[in-house]
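Next up: the structures, one after another.
Next, two complexes with chain A in common: one pairs it with chain B, the other with chain C.
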Partner chain A sequence: MFTRTDDKITTTQTVVIISCFMLGSGVLTLPRTLTERVKTVDGWISLILGGLIIMLAGICIVKLCQKFPGKTMFQFLKEIVGSWIGSCMCLLMVMYFVCLSAFEIRVMAEVTMLYLLEGTPMWAIVMSFMWIGLYLITGGINSIARLFEIILPITIVVLLICLLLSSRLFDIDNLRPVLGEGIFPVIRGLKSTLLVFIGFEIMIILPAFMQYPKKGVKALIIGTSIPLVLYLITFIMVVGAMTVDGVVRSTWPTLDLIRSFEITGLLFERFEFFLLVIWIMQIFSTYTICFYAASLGLAQLSKKNIRPIMYGLLPFIFIVALLPKNMNELFDFGDFIGTVTIYLFGLFPVLLLLITTIFRIGAVKEDE
Partner chain B sequence: MNSMKGYFLSALSILLLLCLTGCWGNKEIEDLSVNVGLALDVGKESELEQELAEQGATYPKKNIITATLQTVPVLKGNKEQQMGNSKSSEMFLNTEVTGDSIFQLYRQYSLRRYRPIIGHHLKVLVISSELSRKMDLDKLVNFILRDNDIRPSCLVLISTGKASEALISSQPGDIPSFHLRSMVENQFRNNKILAPMILTELDGIMNSGSSFVLQNLVTAKGEVEFAGAGVLKGETNKWIGTLNEHEVEGLNWIKGDIEGGVIKTYDKSGEVLAYEIKSASTKIKSKVNGNDISFHVSIEADGRLIENWDKSQVPTDEKFLKEAEEYFEEELKDMLHKTTRKMQEKFKVDVGGFRNQLRIQHPKVWRTVKQDWDETFSKCDITYDVNITITDYGSSAK
Partner chain C sequence: MWQSIISYIPNWIIFTQALVILIVPIIIYLTSKWLQSALGSRTSEGTPTANESEENIFENAKTKAEDTMPFTGNYETDLASIKKRIAKNCDVHFREFTMATGEMVAIIYVEGLYDKELIEVQVMKSLMFDDVEEMEKSSKDSKITKSYLTNKMLPISEIREALNLEEVVSDILVGSTAMLIDGIVEVLLLGSATGKTRSIEEPLSEGLLRGPRIGFTEILCDNTAILRRHGKNESLELIKFQVGTRAKKDLVVAYMNDIVNSELLEEVKRRIESINMDYLPESGYVEQLIEDDSLSPFQQAQNTERPDRVINSLLEGRVAILLDGSPFALIVPVTFSMLLQSPEDYYERWIPGTLLRMLRFLATFFALLAPALYIAFISYHPGLIPTKLVMSIIDARQGVPFPSLIEALIMETSIEILREAGVRLPKPIGPAMGIVGGLIIGDAAVNAGLVSPFLVIVVAVTAISSFAIPTYSAGITLRLLRFLAMFCAAILGAYGTVLFFLLLCSHLVKLKSFGVPYVSPMAPYRLDDWKDFIFRLPFKVMKRRPLIMKTKDSDRKK
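Right after this comes the complex of A and B.
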C-alpha cells in the first residue's frame, strides 16, 4: 500500500517546481502561437492577462487543497463527488498527465532531431530521456525538487544571456503601436497564452507535500510570476527583432532569433545550442513532474505501491509520445491538451470549491 | 545469488563500454564541403554543364536558376602549394549547377564533388537583379529559410551583373563570401551602405507586403564594389530598379541609419568642403488631414569640418562655420529630394520606412490605406527640415 513518507518540500521548492513545470515546450513556439491569434504586436498584454487568470485558477486549486490538509486531490476528490465520479475524474487526470509528459518528450525529440542530433533515431533520444526521468522520480518528490532547484537558476541565466545578446536585432518600433487596434486582439490571444502556463495544475498534489501548506497561494503566485516574466522578455525580444510578420512565418521563432546572429570574440559564436540545452532541461523537468503526478495519482487511486506503477507507466508514455504522425498532429495534440487543462483544472476545481463551500465538506477550515 | 549478481554487473559494464566509443555519427570537417556563399543567376547552363549534359548528365528540370555554390576548403597537393601558381592560390571552389529546385541543386552537387556539402556556415546569398526581375524573391529564398542547417543570419545582396561574378576574387587568399559579409560592417565609415538585410528580417518584410531595398553589388575585373541598392516591389517581391549611391545615401538619412560617413559639397568658388558625421538622428512625423497623408522629416547631425580647400576661409571664423553648415544642409536637402523623387515618381514605392511611422502614429488610418500603400505613398507630401551642426574642425585651425 502506498504510504506517504515524511517527504516534505519547502515553500521555495514548491515555487521552483511550479516554475519548472510551466517552462516547457512553450517558450520556443510562444511568440508565433500568440501572434498568430493576436495578429498585432499586443501579444504581451495578453500574456500578462493570461498569467493573472492562471494565478486565479491556481489559487482556487490551492484553496481547495487547503481544505483537505495532507491529502492530494486524488485522495480527497472522492469525499466531494463520491467514489465513482471521483475515481473517474482521477483517472482522467492521470491520463492527462501521461499525455502531457508524452507530448513534452515528443516535442523535445522533434527539435533535437531537427537542430541538434540529425540522424539519431527518435527512440534513442526518447528512451534515454525517459529512463533518466524514471530514475529521478523513484527518489520521490524531494529528489525532484532538489534537481529542479539546480535547473531553474541555470535556465534563467542562460535564457536571459541569449536574449540579451540578440538585442542588437531589437527595434522598439516593431512593438509599437500599443493597442493600435483596440483591446479585442488582446482578448483573442488569451487562449494561446493560457496554454503556455500549463503547470499550475501540479498544485493538486503539491500542497499535500508542503511543509507549510498555508503558504500555498504565495508559492503559486511567485511560481507563476517567474515564467510570466521570462515569457514576457522572450516575447518582447523575439517580436521586437523579427516583427509580427516574421514571427508568424517561423516554426520555432525563439530559436530562429538566436540563430539570426553570431557573436565573434566571445568564446562562442553561436548560442542556439545553449538555448537548446537549457530548454531540454526544462522539458525534462516538465516531463518528470508529469510522470510523477501520473504515477502518484494511480498509486493513490489503487492504493498500491508507487514503484511498479512508475515502471508500468513508462511504456504507455512512450507509445503516446510516438502517436502523432507529423508536426501538425503534434501541435494539435498540444492544443488539445491545453483545452483539456482549461476544463479539467480551470473550471472543474472552481466547481469543486463551490460544492465544498456550500456543503461544508472538508473537515478543517483554515481559520482555526 | 552473489555470483549471478557478479555476472550481471560484468555483463553490464561490457555493455557500457559501447557507450565509450563516443560519437559514432561524427563527420570530419576536412571531409566536408562547407558552403559559405550562394549566388543565384538566371538559368543558363555553363559550357561544362552542356558538355556533361551531352554525355547524358541530365534529369527532368527547367533551367530557371543557375546556382553558384561557393565551398571551402580546397584541398591542395604539396606540389601545387610549392609552385604557388595563381590558379591554385584560390581558397575556394565555385560550382555552378543549373535547374529549378534550389534544394535539388544542392543535392546535385554531390554528383560532382565527393565531399558532402553542409550549409551551417552560409554567409551570403547574392541574387542577380535579372533573376530577381523575373522571379518572386520569396520563391528563391524559400528553401534557404526552411532548411535546418542554414542559419537565418545569412546576408542577402543583389547584383547588377551576374551574381556568380560577385563570388570571384582577384586577391589571393581571399574568400569572397567572407569578404562581402565583413564589408557590410563598414557602415560606420561610409553611409552609402545599407543596413545589412539578413534572412530573418527579409522573411518578415516579404510577409508584410512592404517594398524594400537590398544592397547592390557591381563587379569588374574580379573586384566587387557596393554600389547603390536594388529596389524590390512589395506585392510581387520582384526587382524594379536600382537606386544609385547618392540616393542610397539619402535613403539612409531618411531611415535614420547613419552611423558615420561624409557629406561632401562645393562652396561658391567651387572648392571642396567635407563634413565628417559623428552622430545623426532622423524623426519622421506623419500628419493626417482628411484623406491627405503627409510626412515631415527632421534630421539633425553633429560632426566635424574635415576638409576645406578654400584657403581664404578659416574655421575659427564663426561666420564661415555658419556658412559651411548651410552648404552642407543645402547638399543634404538636395540629396533627400532626389531620393524622394526617385521613390515617389519613378518607382512609386515606399522604401524609406514611412509606412512604419504611419502604422505607429496613426494605426486607424494605416488600416485603411495599407492595401495599396505604395500607390498612396507616391502621392504623399514629404517635407524636410535639416539641421547640421559643426561642432569642431579637427586638429587644424587654419
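Right after this comes the complex of A and C.
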C-alpha cells in the first residue's frame, strides 16, 4: 500500500506518544512534590522504583489489550464485565481523560500567566490553546503521533541543555547522604512519583492502533524509560543545586533553578524562556492525547462519529479547567487525578487480566 | 457541603466563554467544508470528466457528424470540405499542384508553423520532378497508391494518416502539413510544428554556481529529449496525456518504471485524467488541479526548471509531470525538506553540502519567526533578552511613535512591495530600485523616527533569509505565514509564537502530498532517510532510496 488508508502507527510512534504524554506538567513540579513527601534527598530512588512499578502496570494493560487485538479497552471492556459495568467504567475513564486534559491546560495557563503573560485573561490563553489542539486531533492518531515526533526531540535537547547549563550550581553534597533515614522515606515518596508517570494509561487505546501490537510491551518500556531518565536528571540537578529546603519552598522548582543563573557572553542570558517553550509544547501534547482518548472513548461507547464528539467535549474541558479556584486547589485536583489513576489504570486492569485469564475470555483468538 | 459545591459552579461568564469555545471551531469547520466543496476536493474520488454540458452537445452535434465522416477520396469534395472548415483563417494556406504522374495534390499548412524546408525539398520536389520514369514504369496502368507514396516517394520520417476532417483540421492547426492527393482516401500528415523557439538556457529562477547550466524550455519534446539525454537508461518511461477540454495540450508523465511505486503512478495518472479545465497555460494550473489540499498555504508539488533535479527525483522514485508550453516541471510527491534542498548540496562535497543545508533550515526559521520574536520580546518580554541589548534597543526605539507590531508591519509591507516591484521591473532598473528602496527608504525611515534601526536589521535579515530558500514558491509561503506569526506574537507574545508554531506543525503533520506525509522524514521517523535530510552524508553512506517512496528497487547500488 502506498497511500495508507488505515490509521495505524509504528512502534516508534507508540514510544513517542507514551513519552510525550508522560512529560507533562511533571517536569516543573516533580522535584517539589517528591521532596515534600520524602523529606530527604532520596527522591531519585523512589523515582526509579515508581518508574518500574508503572512499567509493570503498563505491561498489565498491554497484555490485556493483546487479548483483544484491534480493539481498544472502550470496546472490549463490555465483553469482560458485561454491558452495564463496562459502560460505566468506560464513562469513568472518559471523565478521567477529560479531567486530566483540563488539569494540564489549567497548569499551563497558570504558569503562562505567572511568567509570560501577566494580566492576560485566562480564557484567552486557554481558548487559543484548545482550538489548536482540536485542529490537531481532527487529523486522527496518526497526525498526533507525527506532531509528537517533531516536538519530542526538541524537548529532550532543550531540556538537557538547560539542565547542563545549570550544572555550575550543582553540588553533589546536596544529594548526600544516600538512604540517610532508611528505606521508609523512599516508600513514602512512591505515591507522588506515580503521579508524574501518568501517561501509561494511554496503552488502553494504543495497541489497537499499532501496526505490530506484539511489540506493545517493548514500546511501553522504552516509552516509560525516556521520561524516567529525563525526570531523574531533572530531579538530581534541581535538588543538587537548590537543596531539599530550597526545593520545598518553591512552587515551580525547575523553572526557579533555570531562572536563578545568568550566563553572560551568550546571546541569551536567561534560559527559562526556552524551558517554558518546550514545556508548553509538552503540555500541548499531553492535552491533545487526553482529549483524543476521551473523544475516542465516547465515540466508541456511543458508536457515533468522532468529529462532533471532539467539538462537543471542548466546552466541558474548558469548564473543568476553570473549576479550581487557586493554585492549591489545582494541585489537590492533580493529586486526586493521580489517585484515580492508580485505581482505575493500576489495579483495575490487573483485576481484568485475572478475570480474562481465569475465564479465558478473549484468549481463544490467540490460541487459534 | 452543599455550600461548597455551589461555590464551584461557575458564573455565566464562563458558560458564555464555553459556548464561544464551541461555536467558533464549528463555524470555522463549516466554512472550510463549504470552501472545500466549492473548490472541489480532488483527493476524495476520481471524478472522470463529464466534459460538455447538454446544450453544447446539441449545438455541436451537426459539426461532429461532419467531422467524423471519412474522406471520400474525391479530391474536389475533400478539399472543399477542408476549405470550408479552415480556409477563413488568414494563416492557413492551400498550395495545389500537379504531380509528375498527373494527379492533383494539395498541401495545406499553417504559416510560421510548418517545416518549410522539409515540404519544399523533400515533398514537393520529389513529387514534381524525381523518379518520373521509374514511377511511370511501375504504375503504368494502376493509379498511384498510398503505400507506394510513403515507401518510395516521400523521404520523411514523420508521416501520419488521417481519415476524417476532425483529425486533419486539428493537426494542421498545430503545425503539421496535410497532403491531399487525388484518388487516395487518407490524408497524409507530414512533419510536425517547427515554430520559432527559445534555445536552451540557464534557468532564471534557480541559479546554481556548480551544476549543469541547462534548463527546460517551453517545448515539450525538447524537455523530454533533455530528460532522455541524462544517460542510457531503458527504465525512463514517458507517457503522454492530453489535457484541456477546449485547447488540448500535451502533458508528459515521466518516471522510472522499475523504481516508482505503481500505486503512486496510478494515483498520479488518475488525478491527471480527472483534470477538467478548458485550457492549461502553465504547469502551475496542473499543480493546483491535482493537489491534495487547496486550503493549505504549502505547495504540494515541487516546480523546477532544472532537468538534473527532475532526474534525481525520478531516481528517488518520484514522478515528474511536464506540460507543453511551460518550462517548469512538477515533481510529486513533495516533502517539506525537499523544498530546502538544492542540487548543489550533492555537487559540492558533503561537508559544505551539510553546512549549506543547516544554513537553509536556519534561514527558514528566521524567515518565518524573526519579526514575530522581535515583536514578542519587545512588547511582552524585554526581560528575557540580555540587559545591555535591551537598553540599546529601547534607546533606539525611544522616538518611535508606534507599537512594535505596527512598526514591523510598516517595514515588512514595504519590503514586500519592493520585492514585488523588483520582479516586474526591467533588468537595468531593478538593482537601482533595490538600492533606492532598501537603502534610502530604510535609512530615511530610521532617521524620520518611523522605525527603529534594530527593526531594520531584523526585517533585512528576514527578507534575505526568505530568498535563501531554493524554491521560490516556498519562500512566498514562508513570507505569507510570517505575517500570521507577527499577529500571533502581537496578541499573545511569546506564548502566541509557540502557539503559532504548534498550529503550523499541526497543519504540516496533517498535510499529505500524494499520500506521503509532508513532514517526512522528520515524522514518522525514518532514520535511514535522515542521511539526506538536515545532513547530506557522503554518497558511500547513502545507499538506499528514500524509504518513504516505497520504491520497487530500494538499493542505489547494484
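The working rule: the second predicted complex is superposed on the first by the 357 of 368 C-alpha atoms of A that agree within 3 Å, B and C clash if a C-alpha of one lies under 4 Å from a C-alpha of the other, contacts with A are read in each partner's own complex, and residues count from 1 in each chain.
The rule is simple: a contact is a pair of C-beta atoms (placed from the backbone, for glycine too) under 8 Å apart; a residue touches a chain by one contact, two chains touch by 3 or more.
All of these numbers come straight from a predicted model, not from anything done at the bench.
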| item | value |
| --- | --- |
| Chain B or chain C, by number of chain A residues touched | C |
| First, second, both or neither for A:259, with chain B first and chain C second | first |
| Which of chain B and chain C A:120 touches, first, second, both or neither | both |
| Which superposed partner A:183 touches (first chain B, second chain C, both, neither) | neither |
| Partner chain in contact with A:161 - chain B first, chain C second, else both or neither | neither |
| Touched partner set for A:151, first chain B, second chain C, both or neither | second |
| Contacts of A:319 with chain B and chain C, given as first, second, both or neither | second |
| First, second, both or neither for A:273, with chain B first and chain C second | second |
| Intersection of chain A interface sets (partners chain B, chain C) | 117, 120, 270 |
| Residues on chain C engaged by chain A in the complex (per definition of touch) | 7-8, 10, 14-15, 17-22, 24-26, 29, 261, 263-264, 267, 380-381, 383-387, 492-496, 498-499, 501-503, 505-507, 509-510, 514-515, 517, 519, 522-525, 550 |
| Interfacial residue positions of chain B with respect to chain A in the complex | 25, 145, 148, 151-153, 198-201, 203-205, 207-208, 356, 359-361, 363-364, 366-367 |
| Of all residues in chain A, those that touch chain B in their complex | 114-115, 117-120, 169, 173, 176-177, 180-181, 241-250, 256-257, 259-262, 270 |
| Chain A to chain C touching residues, read off their complex | 1-4, 10, 12-13, 112, 116-117, 120, 123-125, 127-132, 134-136, 139, 143, 145-151, 264, 267-270, 272-273, 276-277, 280-281, 284, 311-312, 314-316, 318-319, 322-323, 325 |
